[in-house]
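A short worksheet on the structure shown next.
Here the chain labels run A, B, C, D and E in written order, and each chain numbers its own residues starting at 1.
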Amino acid sequence: MGELLWLIPALPFAGALLLVIFGNRIARGLVSTIGVGSVGISAAITLVLGIEYLSSRPAFIRQEVWQWFDVAGFSPSIAFHLDALSMVFIFVITFVGFLIHIYSTEYMAEDKDYARFFACMNLFVGSMLMLVMADNLLLLYLGWEGVGLCSYLLIGFWYKEPANGYAARKAFIITRVGDTAMAIGLFMLFQQFGTLHIQSISTEAVQTWTIGSETAVIIAFLLLGGAVGKSGQLPLQTWLPDAMAGPTPVSALIHAATMVTAGVYLIARMHVVFELAPAAMTAVAVIGAVTLLVAGFAALTQYDIKRVLAYSTISQVGYMFLALGVGAWSAGVFHFMIHGFFKALLFLCAGAIILALHHEQDMRNMGGLSKKLPIVFYTFLIGAASLAAFPLVSAGFYSKDQILWLQLAGENGNIWLYLAGLLGAFITSIYTFRMVFLTFYGKEKTHVGHKPTWAITVPLIILGILSFAGGFIELPHNFGHVVLFSDFLTPILPAVSVVPDFNQYEWMLQLLAAVVSLVGIFIAYLFYYKKPELIESIHRSELAMAIHRFWHSGWGFDQLYDVLFVRPYVYLSKVNKNDFIDGFYTFLANVTQGLHRLFSTTQTGVMRNYVMGVVVGAIMILTISLLL
Amino acid sequence: MILVWLIVILMAGGVLAWISGKVNRALPRWVALGSVMAVFGMTLYLWLSNPIPVLGSAWLIQFSQPWVPQWGIRFSLALDGLSLLMLLLTFFLGLLAVLISWREIHTKVAFFHFNLLWVLAGITGVFLTMDLFLFYFFWEIMLIPMYFLIGIWGHENRRYAAYKFFLFTQASGLLMLLAILGLYFIHGNQTGVYTFSYFELLNTTLAPEAARLLMFGFLVAFLVKLPVVPFHSWLPDAHSEAPTAGSVILAGLLLKTGAYGLLRFVLPLFPTATVEFAPWAMLLGVIGIIYGAILAFSQTDLKRLVAYTSVSHMGFVILGVFSFNEWALQGVVMQMITHGLSTGALFIIAGFLYERLHTRDIRLMGGFWSTAPKMGVIALIFVMASLGLPGLGNFIAEFLTLVGSWQANNWLTVFATIGLVMATIYSLRIMQKIFFEANRMEQALPDLNAREMLIAIPMVAMILWLGLYPQPILDTARPSIQEQLQAYTKPAQEQVPVARVDVPAKKTIYIKRTGTKNPEETKPSSNLQITKSSN
Amino acid sequence: MTLTDFQHLMPLLILTVAVLVSMLVIAVGRNHKIMYVITAVSFLAAFASLFDLRDVGRYTIEPLLVIDGFGVFYIGMILLTALLISMLSYAYFEQREERKEEYYILLLLATIGACVLVISKHFASLFLGLEILTVSLYALIAYLRTRERSDEAGIKYLILAAFSSAFLLFGMALVYASTGTMEFAGIAAAMSGFTELPLLMLTGFGLMIVGIGFKLSVVPFHMWAPDVYEGAPAPVTAFIATVSKGGVLGVLIRFFMEVDGFRYPTLVLIFTIVAIASMLAGNLLALLQRNVKRILAYSSIAHLGYLLVAFLAGNQMGVEAVTFYLVAYFITTVGAFGVVAMLSDKERDAEQLEDYRALLWRRPWTAAVFTAMLLSLAGIPLTAGFVGKFYILAAGVNTQLWLLVVMLALNSVVGLFYYIRLVAIMFQQPEADTEVQPRGKLRPSIYLASVGTLTILALLLVYIGVYPSGLLQVIQGLIVSTVP
Amino acid sequence: MTTIPMEYGLLLAGMLFMLGLISVLIRRNIIFMLISVEIMLNAAGLAFIVAGSHWAQPDGQIMFIFILTMAAAEVSVGLALILQIYHQLKTLNSDAANFMKG
Amino acid sequence: MELTFYIAAAVAVLATIMVITRYNMIHALLYLVVSFLAVAVVFLTMGAPFMAALEVIVYAGAIVVLIIFVIMMLSLTREDVEQEKAWLQPKLWVGPALLSFVLLAELVYLLVIAEMPATPATGGYVDARAVGLALYGPYVLGVQLSGILLMAGIVGAYHLGRQKKKVIHRFLQEKEPQKERSAVL
């Protein structure tokens, strides 16, 4: 079965290629067939492979397509590597991708750049698959940059609007900053091991480095830089909210379900290196904790439904980082998967709403949609419950709970990280249900236009089911103790070692988490449904409004970076537009011309002056004769 | 003899093209096309029929004939992998240059093609010659027709640009000539054999002081040509004022002669002096990368913008050359080729736009994607190539260069890598201003026609091929690169024990580094072993 | 004076006889064509007679003259140049109202003077040769006496040349006073005793340098050059730029090699300063000049500076380099002035930059030849000038005159600017509205001489540029044996 | 006969030479300039005679004869030219002949 | 003999100073003749009687007469003397004269400090016979060359000195530049 591996990324690439070449000349039906079909077949192959993999349980499957290049021992291949970790990612990418493609056929139906959209989406899916299937870091880097490109193209999909272009470039450039760090990390890895092959690095790293070795720490930090950029974590998170300028399916696929979790993948993939660098691990956890709080508070104040979701994405990825940071690898990956489901669901629902409301995205202009768009409403509710970690019945509860639990129970756990996570969970449930109440309850403020048909509803329902049921494959010890998921990952990702004798407190913590979530929902209910005047009273306070504005602007990071980097750079560039070095040469030329004029004045045309010249020459010569 | 034919065909073709202009206005184009195709075919044949990795030797063909025996000057040509690659690039771009001029050049068509072919002939000579006098000879020869190309068929400010180009390159070239002569006499005094032969001069033993001075003589010429900040200021003017074919040849080929010179002459001739100078040279490279990128960002003239990106990209070349390891040098060779393609393509697109709009000001452009999506896609590909997107050739080049330079100098490599971010900034601006946003012009932009697609498609194919399977190129270049590096590998090995003693235990990095200099020995290709076991 | 003496002076005798015959012919009846033919044939015959002297070794006609390989080569060079100039002159003077016949007599006389210069080994013959050359030039420069500029140039040259001759003579007198002999060998013998030059002799040399420097038009004795170049008829300008300077340089080399003047730091310093100043001033003055003849004048100042670099090398390679460069420079200069002469019309010489605008599109071949000449002056490959400059640089590097060599290189760049500026003007697109009327053309037969000459020059230029070893062989063969 | 030291003779020649030189520099009349140059040439001739007398050789005198010849030839050409110039410019002011400059 | 030399030298210098300071050209020429005669006397004292004769005949005689002829041809008037006076203003000649004096000082200094070579045993008197023998002996080629030199002078002078017939016509043609010129003057 392994022979089919290469088809998984190749098909979307082929689809993209076909669409680029013929896209403008063929019917829309054919475009969607190619676009959706290629990803669909990939998904099918994934399924087949997955079953195969589950039944035979090899350590990994590797397929080398060709040797990329070979320079003095530096010989990366175009080769795919399938193991449990990549399996999870491939699964999410192809299936969620497939659903979103289907969804897009309706969502983008009216757009005149239909083919371009699918070409980019296919290209994205291909690149993302390349990223997670790469057997060496260089190929991973290829996918890594490839998804960046697609993200850029899709954020700026509606290119006529300069703001979209700005957001697109911002996304690309900021993630590229992270990529640069990662690239340097790759250089160091190569210098250390003479290869970028992931498995070799993993085996050799353990032999070469001691825990906490300086090189390992530096490398881990550099890789973390890449992960932070791609995953929208502090301090490189500012691009993600703006990335919502793209079409909503793009936000769902790229900026929620898959690409932004590439950082999680990278850290999980390179966990050996990170384990050897405790400082970097701590950094991962701290970044995660801080990010989830910062983004959570920012999400509280957003009005644009997609921005709320974007900040929530940042925040949720923060949870994943939190998990990775304490070595709870599978918990992180589990949350990635569940998050992929429900966040895609939420975005798609938001998309359906936006489509229905004539591209209205401001929640203040929404309301009372629960009746008009029932399927959307219910599925959104499931997603929201999952996001808010509604106890017991939502998948998000299980995944998030596991992370929170391991903050205390895990060996590297820390009470502060736990508290941050808990606070985050509280905020999450507030802003999530703020969204629910503002959108679906209350008065209808905008007329509903487009009613979703099957192409939208079916993906919603499937994702709803997954968001609901996905959690049950991994249940805590104290109820059910289902460990299907972590078992699946264990050969690749070591299980987190738990502090002994801590299990008895688990139920207390679960209870706490459940309470926090419910209280959050209640507060949202109170403020946004029951007593909206409370909000108004808050709005009257200067301090609160200042905080509101601060949070609304994403904690002022944009302004800060603007002052720190963008403006100096632009200024530097503009001020030197004409190249001061050129000025030096111009000066030289001017001096020469000046000398020409000076010398020219000696050529007076008057004979006596010429005689004088000869005499001066004679004097010069005689003087030299005298002096020497 | 085939090497002589390459030059002769081009020169004769040039003269023929000039003469044929009297007969028919279109004939020169066909003559030029024919002669470039002929030499391209010959070179391709040479490449395909001489599988260098199999042969394993650096020199494929040599030709030598006394020219001025009194001075020990020989008409000596030789072809190795490096020259072969450069020739392939030369003729490929030459072919494109003829094609893009098909519509663009209306005046004095015959003379234009004469100049075009002579530039190519000069460049061919530079890439082939193994006699330093002859090298200088060709080095200068290619300037004159280039000067005419800029000065006669260029844009508004062409004369200024042409002067500038000419004076810069001449000034630096003369210093190189002095260095060549210095080397000649030192060698002559040592051995009694007065010769300009490259192979003989390689054996000159130089006093450190002399070596330094002579190296600077060579360096100046190559750094100006490359160009390295602060000698770059001719380039934006020359590139932006030249006709499209001229820009393509300038960016694609003329700059490469500088890089080629570094590889071919500076490295092997002055091994100790270059090592001394390496940190500074690399610093210059990094400054070039960053400076060019910053300036490119604020340019409003499209061709000028692309020109500054060249400054930035060529910074990688010098960074790589002075890293003295195979990765970096392979990266440099790749960079020479891919930059030739990608920047050439961007100039071609600028040419297409100029033909349609009669402006190069990107502030006046915008939103062309809607009417010219084909052009947009192709531009996108090359913009991405220029910012080093993996999967396209430039990535391989830049990554290899940086991997190599990291071994030599960490911090400079870090800054060079930051240059990649800046590359993103300016590259995306190209896309944004030209193809995105709203159309600021009244007329709709016609998309590429068949002839233009014929030019663009091969370039896209090439850049993709180079990005995904560059091995044939790398294999071809390997023997020559190893030969250029010969002088450097030995001392590196000798230093190993010293490094181990001197460096405190904490700094594992450095000990490792000397170890990884020769990965064949220390790391028997760990990749492959695992592959085998897993499959 | 024995018969062998006469044999060895055959070229000079032929020229002298030609002068006499010409005067007789004029007495019988004036005819431009006949004069032209006599002149050309006599130059050719004189040149042919040189072949007898190929293996002359070193033949002295005491005490004044010495005929050796060096002299033979220089005479040959001078004769050929004069021949080419006379060929160019034909078409040029055919258009002029002036009487043409005396021109050829003066040309022959001036050539005799230059030839005497390069074979002289005595102050007396040096002086006489120089004065024959100079006095002929007075009249040649002012030949078109109805032109104010021609007269102005003539009087400027006359006063200044006589003035500088006085310096030369006074210097010679001092040297003579100091050594008691005027023969180069005698002076050398007298000098060989000194490690440092006695002041009297140094002063003498200093004053002689003034005189010689003036004739070579090196800074600071250069100021006459542009005015005279501009005022003189184009072929005469070519003659001044080539033959007159070549002759003087020849005798300078001979004298300096004989007395080994390079041993004395004072003299070397003076020449170094003069060389650098000439390169700098010449190039800078030419930089934005708008008169082509003046550009060439300034450029010749710079080129003399370059030549001095090789001269200062002071060894055999230096002499070879000077000689080679002179050949290249002669070809180039004659070619350039040939083009100027060819484009000139009855009213005035084609000397303004405007006259050359878009020349390529009007007269492509002329423009191509001129471009080749300019590129050669600039030292661009494929031309003789390149090889010449290369040779000079090589000689300089060989003797490690780094300062001079670097100055030369930098100055070449400045020089490049105005040469290519001229080229650029020729290559400019013609403006549509100004339709340039071709000037009234002469009979084709008359043009043939000019066109043929230019073609020969261009071919020679490229031939030497591509295949210099032939010329090198000749130079080395003739000079090696005789350079002291 | 030999009582006059050579220095004195040369000094006299030098002074005459310089007087001629001053005259060339300060005079504007072309004829005067020509005359001044003649003075200089004469001074140079004097120097030769002095040197020749010092060495008791005829060579100095012979040089003087040659200088004399040259001076004559030059004066004749010069005067002819001056006549020509006077016809053109209607003046003998050498400064007036400055059409060519720069 | 010594005294004669000093007197003659003084006369020569003084006469030359007079030459270069006269406004009237004829006066200047007369002083020039005096100067030449004095130099001829110096020649005599130097033991070169033949040269003294030649100096008197050729310089003082032929050349000066030639110049006087030309001056007469030009028919100079009173105004020309005034003109000459105007040209010779101190502010015009101070600079050049200073320059010349620098040169003079340098030359004199060099001549004074220079070591003169020892005089050979024989006396300095060289008579006409010795000169003639040398002239038509070793220097005969020089004589021939002088002939050529004179021929060049004659041909040149003949060509330049010829009166042209077209002069009037030409001036009529070029009235305009002529006016400009007088404005310049």
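Basically, a residue touches a chain if its C-beta (ideal position, glycine included) is under 8 Å from a C-beta of that chain, and two chains touch if they have at least 3 such contacts.
Composition by chain, UniProt nomenclature: A = NADH-quinone oxidoreductase subunit L; C = NADH-quinone oxidoreductase subunit N; D = NADH-quinone oxidoreductase subunit K; E = NADH-quinone oxidoreductase subunit J.
Predicted model only: the values in this text are computed from it and were never measured.
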Worksheet, complete the sentence: Separation of chain B from chain E in touching-chain steps, minimised, is 2
Worksheet item: By label order, what chains touch chain B and chain C together?
Response: A
Item to complete: Could you let me know which interface, A-B or C-D, is made of more C-beta pairs in contact?
Response: A-B
Worksheet, complete the sentence: Ranking chains by how close their C-alpha centroid sits to the total C-alpha centroid puts first chain B
Worksheet item: Among the chains, which one keeps its Cα centre farthest from the Cα centre of chain B?
Response: E
Worksheet item: If you average the Cα atoms per chain, which one ends up farthest from chain D?
Response: A
Practice prompt. Report the inter-chain centroid distance for chain B and chain D in whole angstrom, where each centroid is the mean of the CA atoms.
Written response: 66
Worksheet item: Quick one: chain A and chain C, Cα centre-to-centre, how many Å?
Response: 78
Worksheet item: Which whole number of Å gives the spacing of the CA centres of chain D and chain E?
Response: 4
Discussion item. As a quick test, compute the distance in whole Å between the mean CA positions of chain A and chain D.
Written reply: 96
Fill in: Multi-partner residues of chain D (at least 2 other chains)
6, 10, 14, 17, 20-21, 24-25, 28, 33-34, 50, 52, 54-55, 57, 59-60, 62, 66, 70, 73-74, 77, 81-82, 84, 89, 94, 97-102
Practice prompt. Hunt down the residues of chain E that sit against at least two other chains at once, touch-wise.
Written response: 96, 99-100, 103, 107, 110-111, 116-117, 120, 139, 142, 146, 149, 152-153, 156-160, 167
Practice prompt. For chain C, write out the residues touching at least two other chains, lowest number first.
Written response: 124, 128, 131, 135, 138-139, 142, 145, 154-156, 159, 163, 177, 180, 199, 202-203, 226-227
Response to the item:
Contacting chain pairs, sorted by label, are A-B, A-C, A-D, A-E, B-C, C-D, C-E, D-E
Discussion item. Show me the residue ranges of chain B that touch chain A in the complex, using the header's touch definition.
Written reply: 164, 229-230, 232-233, 236, 294-295, 297-299, 325-327, 330, 367, 369-370, 373, 377, 380, 384, 389-391, 395-396, 399-400, 402-403, 406-407, 413-414, 417-418, 420-421, 424-425, 428-429, 432, 435-438, 468-471, 474, 506, 508-509, 512-513, 516, 519-520, 522-523, 525-528, 530-531, 534-535
Fill in: Footprint of chain C on chain B - complex, ascending
67-71, 107-108, 133, 136-138, 140-141, 143-144, 147-148, 151-152, 159, 162-163, 166-167, 170-171, 174-175, 177-178, 181-182, 184-185
Worksheet entry | Complex interface listing, chain E residues touching chain A | 96, 99-100, 102-103, 106-107, 109-110
Worksheet entry | chain A residues touching chain D - in the complex, by the definition given at the top | 600, 603-608, 611-612, 615
Item to complete: Can you check the complex and tell me which residues of chain A touch chain B?
Response: 20, 24, 59-60, 62-64, 66-79, 116, 136, 138, 141-142, 144-146, 149, 152-153, 156, 159-162, 165, 168-169, 172-173, 176-177, 179-180, 183-184, 186-188, 190-195, 197, 199-200, 204, 213-215, 569-570, 572-574, 576-577, 579, 581-582, 584-585
